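Naming follows writing order (A, B and C), and every chain is counted from residue 1.
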């Protein structure tokens, strides 16, 4: 768990603080996404957590210990760190790269070797094939997987990730995001994730912290932020299509009425598809009811346009 | 003809030849070793500074342009003639390329790699030892290679300030217009220089970490 | 210092000789390397061969090279000039060839597409854009040539080396200072001047 209280950092010569009395709490095992326009302080905040940047005021407490009370080098060896350009060591093999922190911590060779293989398999890379390769032989997506494996090597309770998928092409990025989500949920790590992409934030985050000019504007679950943006800035930031984004978070099977039988020739949609896809299908076919198909293809309920409307009923931000 | 006569000269004066050869190698190797011992650590330290580095690198750049013989000659009125003044001058000549290459090489290590190393919990020393130096080594070694050839070439000129070495045969040969003697100096010196370049080239390849070889 | 003031004409003559043989060699080397460099830029094999041979020449110790030329051309300025040209070739050919090769492919494509023939592309596009790199090579060659010219005094080529050798043999320190310091000053000034030119050309090309 990470508790940030009144964190402040001002760089010399800057007009306003990079981080301005930031206060937020990341629950244990949650993914907290820091997002905002360029210069909002999200990366600075992340880098203060592992003391790559020293704060001017306020406190950061990680799992009960104030980061200022721990020697920075020791602190960093127990926090996973993934950056956008990854920074794999070009002169070391993949195995040596992944083994970096365990070696710094003095693990024995056998334990390290086993851990390297375990992690490479975890991120979807065959250890036998990739252990002895070098970074320059890898594609962008592969490098990023190794970067994640490297950060997980010493099994840190907390991970910091700064736009980790920013340098990857869009197709690979989506793929990596999904895989990564799966891995993270299994491992139950507390993650602070920085991005500028609102869609990525909604996908990856259990909590989203929207920042602007160093200050925290809104901190809540993705659903809550989409339903009720705190002000005009947030509303513009999440996009004019936030209603549709909200629908993308809900599956058809979650919004269906299981008691109603589907009309005979009704078009259908898979239960696992989102309401957004359901809406799109309704619009393109000109219908207002879809049969929801279960995992084996049989109809298990219906979803209606009315039900979708009910889900998106929100108060406009300007009414607050 | 000339080559045969040169060879006969060597056979007739083996101690003179070997002594000159040995002095030449000793002078060159010592100058190079001292220059490495000074310039590599200095270059590494300077890579972390701003002002001091600008100053030192500007000085090294000037040093690099100075004619070798001029440097050797300038040392003479101050330190006299012989082995030590020659060693001093040759060391001065070897410093600039090594210093500049070391400084540049360390600074050119990708900042992201250093950031990742720091973020993962390496101490400043560990970053230097495990990341910056290995990655900088190829370029540092290129500087050492350049300096090595320069020093061998300069050691030939050391003959003029009493440093001994193969240059003695060349100067004597020119003064007396005795071509065989001239060859006794010129050819071994050339072979020594070419051989050194080859040797350091091979060492440079051997020193390049596996991950960086293309 | 007083010796210098009283005999500055000697120094001036030596300096002049020094500059003349240096410029002569550089001009010859420049002309050869321009042709060779353009050829090397176009043909990979020529590039590697030219670099190999001239690289070999560059490694030969100065005095040894001058000495080895004596049976062939005797003493005097010719000897010195051949040596200086040989040393300059490596760096100049390499830089001419590299400079031309580094001209962005799309720029040459555009020129071709607009109807320029090979000669025009070379003269108006490739060479001008390669100029900063060529001048960088010229800078190193100049410093090398000045250094060789100091030694070449020993094979009767004249130049500032004459003051140095004369000073050493007669144990006359002021002469040594005059010769050596002037040679150093010449090298530094030439290097700085060409560095400025290089900077100016780079800014223009950017």
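Heads up, the rule we're going with is that a residue touches a chain if its C-beta (ideal position, glycine included) is under 8 Å from a C-beta of that chain, and two chains touch if they have at least 3 such contacts.
Since we're looking at a predicted model, the values are computed, not measured.
Averaging Cα coordinates per chain and for the whole protein, the chain whose average falls nearest the overall one is B.
The greatest centre-to-centre gap from chain A, using C-alpha centroids, is found for C. With each centre defined as the average position of its C-alpha atoms, the distance from chain A to chain B rounds to 54 Å. Averaging C-alpha coordinates per chain places the centre of chain B 21 Å away from that of chain C. Each chain gets a centre from the mean of its Cα atoms; for chain A and chain C, those two points are 59 Å apart. For chain B, the set of residues that touch two or more other chains is empty. Within the complex, the chain A residues that touch chain B are 50, 52, 73-78, 81, 83, 85-93, 100-101, 104, 134-136, 147, 150-151, 160. For chain B in complex with chain C, the residues that touch the partner chain are 2, 61-62, 64-71, 73-74, 76-77, 149, 152-153, 156-157, 159-161, 167, 170-171, 173-174, 179, 182-183, 185-187, 189-190, 193-194, 197. Listed in rising order, the residues of chain C touching chain B in the complex are 56, 59-65, 67-68, 70-71, 143, 146-147, 150-151, 154-155, 161, 164-165, 167-168, 173, 176-177, 179-181, 183-184, 187-188, 190-191. Of all residues in chain B, only 110, 112-123, 126, 131, 134-135, 209-212 touch chain A in the complex they form.
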